[in-house]
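Take a look at the structures below.
The two complexes that follow have chain A in common; it is paired with chain B in the first and with chain C in the second.
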Partner chain A sequence: MRMRTLLAGSVLVGLAASFAAPALAEDSVYIQLPTYRTGPYAGSGIHIANGMSDYLAMINERDGGVNGVKIAFDECETGYDTQKGVECYEQAKAKNTLVFNPWSTGITLQVIPKSSVDKIPVLSMAYGLSAAADGNTFPWVFNPPDTYWDGLSAIIKYIGDQEGGMEGLKGKKIGYIFLDAGYGREPIPLLDNLAQKYGFEVLQYPVPGKEMQNQSSQWLSIRRDRPDYVVMWGWGAMNPTAVKEAVKNRFDMSKFIGVWWAGGDEDARAGGAGAKGYKSVSFNNVGADYPALQDIKKLVVDAGKSHTPANTVGENLYNRGVVNAVYMVEAIRIAQEMTGKKVINAEDMRVGLENLKIDEARLEAIGLKGMIAPIEITCANHSGHHSLFIQEWDGEKWTPATDWFSPMTEEVTPILMQASKDYATSNAPWPTREDACPAN
Partner chain B sequence: MFYREAGQYKTSYAADQQIFPIRQDRIGIAVILVIALLLPLAASEFMLSAIAIPFLVLALATIGLNILTGYAGQLSLGTGAFMGVGAYSCYKLVTIFPEVNVIVHILLSGTFAAAAGVVFGLPSLRIKGLYLAVTTLAAQFFLEWCFIRIPWLYNYNSSGAIEVPGREVFGTLITGPAASGTARYYVVLAIVVVMTLLIKNLIRGRVGRQWMMIRDMDIAAELMGVRPLIAKLSAFAVSSYVCGVAGAMFVFFYLGASEPAVFSITLSFQVLFMAIIGGLGSLVGSFFGAAFIWILPILLRVGLPALGVDVAAETVFQVAQMVIGALIIFFLIVEPHGLARLWAIGKEKLRVWPFPYA
Partner chain C sequence: MDMLYNILIDPFVQMVDAPDFLIQVVWEGFVAGVLYALIALGFVLIYKASGVFNFAQGIMVVFAGLSLVGLHEKGVPAWLALILAIGIMAILAVCIEKFVMRPLVGQPDIILLMATIGMTYFLIGLGEVIFGGEPKQMITSELGLPTGSTAFEMGERGLVILQHIDIAAAVIALLMVGGLAVFFNRTRIGRALRAVADDHTAALSVGISLNQIWAIVWFAAGIVALATGIMWGARSDVSFALEIVALKALPVLILGGFTSIPGAIIGGLIIGIGEKIGEIYWGSLVGGGIESWLAYVIALIFLLFRPQGLFGEKIIERI
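Right after this comes the complex of A and B.
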């Protein structure tokens, strides 16, 4: 009898110790990274996931975290599936994540209403709901540096430049090939507005999600319609297929322009030599020569602490994953400064994101000067309409084709505000912002 | 020894015809119900929102498919689309008539799914088996196309998704982001229990027997006076109704917002696998199947890292998929009629335990 009590006692003590152990560990904050390394979108998702986790791991290795606070992070596999996304979100909530990065428009739409209730900021970097840029209506959602509408307006602006000014667009035919889902459909209202304003014609070529890898009918129509330019809104397996089809149909690649999510290295590489000249709008440069990326290589990838193949460091989507992690780390740093706390919580993180400001000097300090443009998020504007540039595939890698230029903010803002108002009314009673943005 | 009906005499027709004629079964069901009612006291928000609610909803969808495929013998691949019809019509109803109780809307939305089911069930009067599966596949693709291409269905949202507004019932918020897991769980539990009970009685009665006659041999059934038109279409209607209600609940109590992609063929297959693993033509099997396909992967994904097995998220995901695949094959080899049949065999064995005579 005594023996049994003793045994039970020691087991209990052991259990208690194993539960208590994490509490004794050093200061840390937790971030869950919902990623997808499986499924039809894994081709794009793997690089993003690698970039995010490698940068966070590097910060932990090199600096011992942010101001001494380690970032504990793990991945949750969503497979780009909204059912799994909800599950990951519930897990993240239970483990007190600082911020949730859905990496899928569908999952973003699901978590937007929950974010203000659960007080978890949603960082949907250049995807998700464009209207969420309105910080007055969506205090918990952030989509820097640009919305889809900014991206589209930048592409149209670029096409205008190629045609010798916006008046050159008159009478032109612009094809729009898109993933037939919320993601691909969102830019259409703005595209129609711009078509009316500048007098060009829009031809739509929807690609259903389950036929992403078979676009022959869409490209046959494109061959028949002979649009002057084709703009693409694709993701995952849709992109390499489209590039391949464009090459096969001898479409002039220099007039084929994708959104930033259609700008993966593997997307363009799929077209072989013929893909030379393919363009995509972007908000981050490629290459691994930046000091921060060198640190990742040295401390994480070459040290065997990551699954990333060394040659993919510096690719477009990898760098974009790094940018997403940079935003999070900088927001943590700013939140620490503003609240005076070392270990911040999700509500502090929201404040950090809302005051996120990365200027040239800070970029230099981070070690990413030149890779991204400086960004600033304000209380009222959670996206910022930042400058973009067009990059071109030279057959081997992406090279910048233009300088940084700003999107057509004056076109985007009105429909963005309208959309955010519509969202709030159709989801009434939509919670109002607790602390109003200062009017300016 | 414990599970024996010796000494339980039925002295009235009502007692003889009750759903659970064996007292031990009644006690078991009562215990399960009490556990289900007390679950929110013990369970975390994650367990309620990510495991219990979707499990109950998918179990109901599986029951819906089971009516059609398991009881009436009409193979269907359109479950996802019929669930979608329920979800979208519920969304439209809630936005058009915001003042009406949302539970009424959820129950009503099933009728739209039933109508769609009847229309796409018409070919079943002429064709059978795999050929019918192809026409239900057409329903799947056509309806999914509608969810994407008819902007009226999602109120011309720029995002193309339907979002669930917050609605109160008796002063408690039960839908929308601010609704607590507990409130949503109780509503889902109530609807699922009541509907299961209704379906059980329907299947035991005249209508259900007609379905089973059609399933076992349609010509013989017709000769005995069963009208195939009524029997088959009623199976389609009831099945789609249940699926529609499940679809509405899936969005309103679980997902919170949904894109058309949610109701893709993947969902149809998911529910079909639940029905097959659980056992075609069995209500308890529907719950087993839903638990197997929904809960087991989550337990594997959450459980493996918790046990200290430190592996990457995608590895856990893939291992869970492989384990599930292997288990499906294992169970189907051991018992082709699904988990429900294993359960029935277990009960038979238990009856003669500890003195088996064979």
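Right after this comes the complex of A and C.
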């Protein structure tokens, strides 16, 4: 009799435990982080991955998650390979991720059509399809704080300023050296458009992925063509090689400007003392003195709960990984407020992203005041086209070379809206948004 | 008509108008060619001795370079790190002979090729586990290699810039080829190696140890890989992307022949200089970026006339 009681008790305890498990799981949400810590793009990808995972880990450690809901996360290695990235997306979908961060324009382009079917928001922070900023056409895709077209327009605006105004661009030659992939080709339509409007000539120097570390031909061509400025859209091993080649060919580094992804500390450091003056457009400051980063150091890095070498906390790409994680955490928080649910799902996350607003007060509260500019995403505008600044490599670190300034939104928006319309037409039948955005 | 002018006349006008730039292009092509030749040399050494097309030569370049820089990052002095890196390549050679080559003796060539592909991915994984995936700066000055450049002015605006590291690369490549030539022709092991290359069975019958010869030849390929890793790493950085660059040796091998050391050198120079001139003077006609496939076109043109490559052994099969 005793034995029977014991057995029955064990079964009951087991049953109770099995019911208790989902209750525990309900206090967490899951986010997959596609990363590339291996392969030719690891030099850039590692810092981004470290920044993202450290911030999420810090939120769990310091705050117990977002409003008590822990963020469960793991990494999926894409190696910056589109096929592997799509496999990661399928895995993320199976595990009910709240959001998918492709970290590759090629992967973004592949998952955009899937996202509206699977109802998983895609957060392509400052990369991917520029036209996806149109929330009416792409309700499931978000590309804050700026699109590639914003970035390019900001660089051209900066060059215009150096030449005494946009009219000073007339007759100038601007070289465009780019990774010959979806990422590097993305800004070309706008570049051609701006060249026509402002009367400058564009010289293109594509760098095939296989030749990232073998750019002497491109830089010999640049030397021959003598462009007044060179703009770079590089990533991974392409960036340090390009900086080295520019130094080697004695190109005026103050006239060499990279997009934000060509602004890694190691990218510039590779050029040694000669890289001084190299510039890149940016949407985040460097440095580890921000309270949130100090918390990361104390609770995650120094506590041995991270892959990150302590001396890389605060570097440019690391901080950018943190920014990506901040957007996700804030979107979760907003989604919780708007839906009244603690444990949200991917559809709720889309609501959070679509109403993402991080103002100065909020930046101060999360301990990142001064590192990024306030941002606001709306139903119709999934990017926000926020202010940017130019940073300059001083030989050891990045320092701001300008104040924050707006990209040429008035130039970008009409082209972007047309591109969005063209995308929907060429991918017909493109799903229409169920809940139309307010007129303004 | 314009098209014909752009293809047939304009490039040569540009060459005459800016001779300094032409010299610079040829020099850059020469340096790239030397580096391609070094990689091709690694392939040739192994193919000569064992008939294996070593797909892993590219990752051996990365692995050797990472070993050197990785050890230095751990506080090992540069020259000691270099010696230890050579030691690592020796251990790797012995392991490859013992665990890959020996068990597969007598298997079809395709099996051996697949084994080297497998080795490639194993070494990528091992390298990433040990050294991490981040690119590393080559310790050029710590190794006593020259840095900086010398500029020669030509005419009013002409300028030719020679990087000292590129000159060093050319000199080291020449020394390496010379050293290998002496090794192959003047030493007992070298003669044994040639005997193995000519006929495995005959070599075995006169008491030559195949296992020992294979370990030596993989070690020699490892030394070549280390030299390539240092030189190419100094030009960009040491990262896993270098493994892809190593595939540039394929057209060099097609051109120079899989069994000829001089072929690797001459083939490397033809491909290096040819692709640079092609890219700079004709590339813009098709939007640029022709370098990656032009090398194969050059190699294929040569193949039409000499299927065994410039210096490869002519294969005569009697029926």
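We adopt the following convention: the second predicted complex is superposed on the first by the 414 of 440 C-alpha atoms of A that agree within 3 Å, B and C clash if a C-alpha of one lies under 4 Å from a C-alpha of the other, contacts with A are read in each partner's own complex, and residues count from 1 in each chain.
Everything that follows uses one rule, which is that contacts are C-beta pairs under 8 Å (C-beta built on N, C-alpha and C of every residue); 3 or more make two chains touch, one makes a residue touch a chain.
Being a predicted model, the structure only gives us computed values, none of them experimental.
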Quiz item: Taking the superposition as given, does A:Val86 touch the first partner, chain B, the second, chain C, both, or neither?
Solution: first
Practice problem: Go through the superposed model and pick first if A:Asp180 touches only chain B, second if only chain C, both, or neither. | Solution: both
Practice problem: Considering only touches as defined above, state whether A:Leu220 meets chain B (first), chain C (second), both or neither. | Solution: second
Quiz item: Where does A:Leu129 make contact in the superposed view: on chain B (first), on chain C (second), on both, or on neither?
Solution: first
Self-check item: Touched partner set for A:Met212, first chain B, second chain C, both or neither
Solution: second
Quiz prompt | Which superposed partner A:Thr38 touches (first chain B, second chain C, both, neither) | solution = both
Quiz item: Between chain B (first) and chain C (second), which does A:Leu109 come into contact with in this model arrangement: first, second, both, or neither?
Solution: first
Quiz item: Of the two partner chains, chain B (first) and chain C (second), which one does A:Thr241 touch, if any: first, second, both, or neither?
Solution: second
Quiz item: Counting only touches as set out at the top, which of chain B and chain C does A:Asn96 meet: first, second, both, neither?
Solution: neither
Quiz prompt | Footprint overlap on chain A, where chain B in one structure and chain C in the other make contact | solution = 36-38, 180, 208-210
Quiz prompt | chain B contact footprint on chain A (complex, rising order) | solution = 35-38, 74-77, 79, 82-83, 86-87, 90-91, 93-94, 105-106, 109-110, 112-114, 116-118, 129-131, 180-182, 185-186, 189, 208-210, 307, 419, 422-423, 426-429
Quiz item: Hey, which residues of chain C end up touching chain A in the complex?
Solution: 18, 21, 24-25, 28, 31-32, 124, 128, 132-135, 137, 149, 161, 163, 232, 235-237, 239-242, 244-245, 247-248, 275-276, 279-280, 283-284, 287-289, 291-292
Quiz item: Can you list the chain B residues touching chain A in their complex?
Solution: 44-46, 49-50, 54, 95, 148, 155, 157-161, 163-166, 176-178, 254-262, 264-265, 298, 301-302, 305, 312-314, 316-318
Quiz prompt | For the chain A and chain C complex, residues of the former touching the latter | solution = 36-40, 42-43, 45-46, 180, 204-214, 216-218, 220-221, 223-224, 236-237, 240-241, 244, 248-250, 266, 269-270
